[in-house]
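Residue numbering begins at 1 within each chain, and the chains themselves are lettered A, B, C and D in the order written.
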Amino acid sequence: MKVVALLRKVFLLDLFAGLAVTFRHQTPGAIVTEQYPLERPTLAPRYRGQPKLVKDPLTGEILCNACGACALACPEKLITVESERDPQTKKKVLTGYRFDLSRCMFCGLCEEACPTEALDLTPEYELALYSREGMVFEREQMENGLQRKVYEK
Amino acid sequence: MADAPEEKKLEQTETKPETSSAPGAPEAASAAPATALAPAAPAAAAPALPTPPAPKPAAKPWECELTQRLKHVYGSGLRDAAEYVGQKYIAVDGSIAHEVLRILHDDEGYDMLSDLTCVHWPKDERPFEVVWILYCFAKNTYVRVKARYAEGEEAPTATNLWPGANWMEREVFDMFGLRFAGHPDLRRILLPEDWQGHPLRKDYDIRQQDNEWVRKNLGIESGQ
Amino acid sequence: MTQNNKFYESVEEVAPGRTFLDSSELVINMGPQHPSTHGVLRVILKLDGEKVLGLDCVIGYLHRGVEKIAENRTWAQFNPYVDRLDYVAAVSNGLGYCLAVEKLLAVEVPKRAQYLRVILTELNRLASHQVWLGTHVLDIGAVTPLFYAFRDRELILEVFEKYCGARLTTHAFRIGGCRWDAYEGFAEEVRKTCDFIVPKIAEYGELITGNRIWVERTKGVGVLSGDDCKALGVTGPMLRGAGVRWDVRKAQPYSSYDDFEFDIPIGAAGDTFDRYMVRLEEMRQSIRIIRQAVDGLPEGPLMAKVPKMLKPPAGEVYQNIEAPKGELGYYVVSDGGPQPYRVRVRPPSFINLQALEKMVKGQLVADVVAVIGTLDIVLGEVDR
Amino acid sequence: MKQALFGYLQSKVTPGEAGDMLWATIYVLLVFAGVALAVLFMNWFERKVMAHMQVRMGPMRVGPHGLLQPIADALKLLLKEDVMPEKSDKLVFWFAPVAVCMTAFTAMLVVPFGRAHAITDMNIGVVFMLGVSSLSVLSIMMAGWSSNSHYPLLGGLRAGAQMVSYEIAMGLAVVSAVMLTSMSTGTGSLSMMEIVNQQFQQGRWFAFSFFPLGFIGFVVFAIAMVAETNRAPFDLPEAESELVAGYMTEYSGFRWSLFFLSEYTAMIAVSSIAVTLWLGGWLRPFPNLLSGHRWDLAFSWGPAFVALATAALCFFYVIKMSSIRAMRLNRLGLAALAAVLGALGLLMLLPPVASRIQDIFWFSIKVAGFMYLYVWYRTTFPRYRFDQLMKIGWKVLLPVSLGVVVLTALVGVRHELLPLVWRVR
């Protein structure tokens, strides 16, 4: 078999094999690039993206009972929950909710710790913002998402 | 992102149950809970569980030909030889650590030093507990050798037995400040050369580096 | 920052005024910002022309103090940080940490969770090897395999995204089992991924393995014998490339790896080419494991009975797994409190990187680049 | 006055030879503009072909399918600040890119684009081109040395050693081709025009004459030429992974683009030598085998066919492109391009235009083929290590080209050895 190996070596067959592979890939069908602003990918439902305070579909007010479990569970202590006790119902009502997205690593521990499924990390991934302070989400941003003007060229 | 340490200090003092180890051996590895004392911890931790939790794993003394020989040769030098959750370890006195390692390397055929690290027990008078994790390819077994060193004391280097220990010892020096006698090139490996303090010590305070930096570069006392 | 070490006595310090051109040897700085150091690794090379006289690795640029962070987080809270160690094989890091803590708690993870963990870890090994292949071959000059490898890796990241919600830093497992069940269509998608990737591995071979330039650039380069590996503590594909048939999944089986049969590829000469072949074969073996695990996925619960606030009994455990880079070990010490007392990560990349000097002394500059590629180091794990 | 101005047009000789300075300068400007345009197109072509081979799209944003990308790059490079390192040797640092551009463009002086379409036709044409292209080694080493930093120095030295050693193999391969020119008239010639005419008279491209020998000489030249221009498997002087960017590391902005320009020009120059010597310069394929009026007509429609084909392709993509507002301008641009190409194609169908265009067309198609090879190599092959590169240069290419020269000589002189190879008329 030495001769065949020698012939292969002399006639550069291994180089041509490599060339054939790259040539084969030139068909337009093989291209995998996605033109981002035109074709926007839809992500999996479990994707851990922008946090949102879930609203009860029937009554419209948020499910959060201001227990602060998420604030405790967060490794980076990014969430601050402010609440006050409602005199009649003796139950805590959520007044302020701050979520500092600049240091969040989207680990999902807050979502797990929430007893009433009020906090949900949505598959929304476009989180670019203009200022560092803007990264701290207040309560209304948490409820109805980022109000940001998306420019259509 | 370094976390403010005082909160941790609060955490650490109030919950660390000082399970006293076997009476009489003061520096026994406090990590190895005494078998004799009735374990109080698990009952309190999960009162509501209907079924009692699995019996708390405890360190069973580990008797085998090797430990006999070591006990025979070193007597009190061999502090403890036990097996915890199926993992065998021997705690030896700092001074004889190197010989034990050499015996394990040459006679017992532990040809790979899988890991070398250190644990800081500030309460002990010998705070630095150096851990060698050895592996023997022939017998496919792991063994852990532990030894304790005081503040200024020098641990023996393992680079002559396993060259792989070089960087690991440099890292222990970098993180704990424990010097290794006979190490070819002992200097900091992860942190910059002129870093103040050794971070992985329990009593390490990040501000000490900031103050140093401010003093050196700006010439004023740091306001923190 | 004066380097008070003898190694840095380049000419400028020895004879100020004379430029670097006057000295016989050249001290050049490869990194920390350099196209082929796989992250922020700085290698100071002492060259005689093109030949490497000596080198010194300066690391620590990506040091985040993960082990110190561990001491200020609860057991469950530290889990996401572990993904950031070897960010290319995040799932394996998570598996190692969870197994270590479960061993501390002496908790038995249900069979279904174990199988799910095996599937995801092996998929992650594939993805990690593909990143290795892409960057290693790119350093030696062929730019195309990188894009083919990343195209195939995309399918695996898709499975991760659908299963646990993140592509790279997955935080896929919890202490005591898995949090999510396999989403519907999980089995078909994993099978489809495997069927897609097997012919692609053959295609990498066609494009690279036969290529004489590749063979010349890798055969006999960066040789490390089996005994050197053992002495230096080098593990993983580096050790197997040197002919030692040792894999933690076979030697100390964990997470029901002993239910699957797969074989361990080994090389002969312990050079870059053998390690390349070992890793390619490992990708095929991983696919074999995945197929067996997906077919045999048992029904059953996902989480073991683990209290919400973990307080493992005081004690210490060393748990190691076979990460794509080598033996990844966790030496975990608990003092009975809600927070780990000490978490030590045995980083395979850090220990394998030590062998760089031995493998490259006397070779050429181009080989330093090839050897860094074959070491397959990730600086997140080297610096911790 | 008119005679003085347009007198040259009737003559069948290159302007340089006819001594007509006006038309010579016009030709120089034409060739300079043509090569610059080719370099711009080559920039786009390389990125697109490489992208498609790597399952990605390549530039798509600037203009339809990235057609305006080269212009954007050129503009960017002009506006970018070109840094001159403080400790560098200022004069040499400044002069290096100028010198490399000068040598690259002077090599284009004798390239025969058509029957009389060359700036001048020296009787030492080929040697002149090789001599000038070897000058570029000097400027690359100047660039490497003057940057006064480690990587460029290593890159410059590597370039010096590599180009010198591959020039010998190239020279010998050229010698074997030039020897073939003497087969019919007894006296060979170095002038590029003459070489092509010889191939026409001998009725065979030199790549196929004396069958194995000519082809081996051609392959040796093709390999040496890739090494000469520091490309693909031999691009060690600017090996990204080791030397960051080799001798070009310290350059930025306009100076860097000069290096870039000269690299592509050198590629065009060297592949035009290969085309002229082995693939019959401007001769259309099978000039003798398929001769006769009908074939001439068919081949003369070559350029028109190519122009119309690209116009159809552009039109197809105009339809396929998504019709949202953002892409409207791109679609418009592409449609305009399709219209222009279509008109050009139709224009080329007219016989007078066809016959003039044909020579230049066939020459540039062959050079374009070589360009495609360059890009194809760069996509596929890993990089040689420096000692392996020198080993191939000295131990493989040099003996092979020496053997080819000796054998060609033997076969040429002793016709009776011909049974081994095809008989020459």
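The criterion applied here is as follows: a residue touches a chain if its C-beta (ideal position, glycine included) is under 8 Å from a C-beta of that chain, and two chains touch if they have at least 3 such contacts.
The model shown is predicted, which means the values in this text are computed figures rather than measured ones.
A.B. asks: By Cα centroids, which chain is closest to the centre of the whole protein?
C.D. replies: Measuring from the global C-alpha mean, the nearest chain centre belongs to C.
A.B. asks: Which pair, A-D or C-D, has more C-beta contacts?
C.D. replies: C-D
A.B. asks: I'd like the Å distance between the centres of chain A and chain D, where a centre is the mean of that chain's Cα atoms.
C.D. replies: Roughly 50 Å separates the two chain centres.
A.B. asks: What's the distance between the Cα centroids of chain B and chain D, rounded to whole Å?
C.D. replies: 68
A.B. asks: Centre to centre, by mean C-alpha position, how many angstrom separate chain A and chain B?
C.D. replies: From the centre of chain A to the centre of chain B is 40 Å.
A.B. asks: Counting in whole Å, what is the centre-to-centre distance of chain C and chain D, each centre being its mean C-alpha position?
C.D. replies: 45
A.B. asks: For chain D, give me the residues that contact two or more of the other chains.
C.D. replies: 53-56, 379-381
A.B. asks: Would you mind listing the residues of chain B that make contact with two or more other chains?
C.D. replies: Residue numbers touching two or more other chains: 1.
A.B. asks: Tell me, which residues of chain C touch at least two other chains?
C.D. replies: Counting only residues that touch two or more other chains, chain C contributes 144, 148, 151, 207-208, 211.
A.B. asks: Among the chains present, which pairs are found to touch?
C.D. replies: Applying the touch criterion to every chain pair yields A-C, A-D, B-C, C-D.
A.B. asks: In their shared complex, at which residues does chain B touch chain C?
C.D. replies: Within the complex, chain B touches chain C at residues 1-3, 5, 7-8, 11-12, 15-17, 19, 31-33, 39, 41-42, 45-46, 49, 54, 56-57, 59, 84-85, 87, 111-115, 117, 119-120, 131, 133, 137, 140, 142, 144, 162-168, 171, 175, 185, 187-194, 199-200, 202, 204.
A.B. asks: Please give the residue numbers of chain A that touch chain C in the complex, ascending.
C.D. replies: Spelled out, the residues of chain A in touch with chain C are 9, 14-15, 17-18, 21-22, 25, 32, 43-44, 46-48, 73-75, 105-109, 112, 121.
A.B. asks: In the complex of these two chains, what residues of chain D are touching chain C?
C.D. replies: By the definition above, chain D touches chain C via 50, 53-56, 148, 150-151, 153-154, 233, 235-236, 239-242, 244, 378-388.
A.B. asks: Using the touch definition from the top, list the residues of chain C that touch chain D in their complex.
C.D. replies: Touching chain D: residues 19-21, 26, 28-29, 34-36, 50, 137-144, 146-148, 151, 207-208, 211, 213-214, 216-217, 364-369 of chain C.
A.B. asks: Contact residues on chain C for chain B in the complex?
C.D. replies: 1-5, 59-60, 63-65, 67-69, 71-72, 103-104, 106-107, 230-235, 244, 246, 251-252, 305, 307, 311, 313-318, 320, 327, 329, 331, 333, 335-339, 341-342, 344, 346, 350-351, 353-354, 383-384
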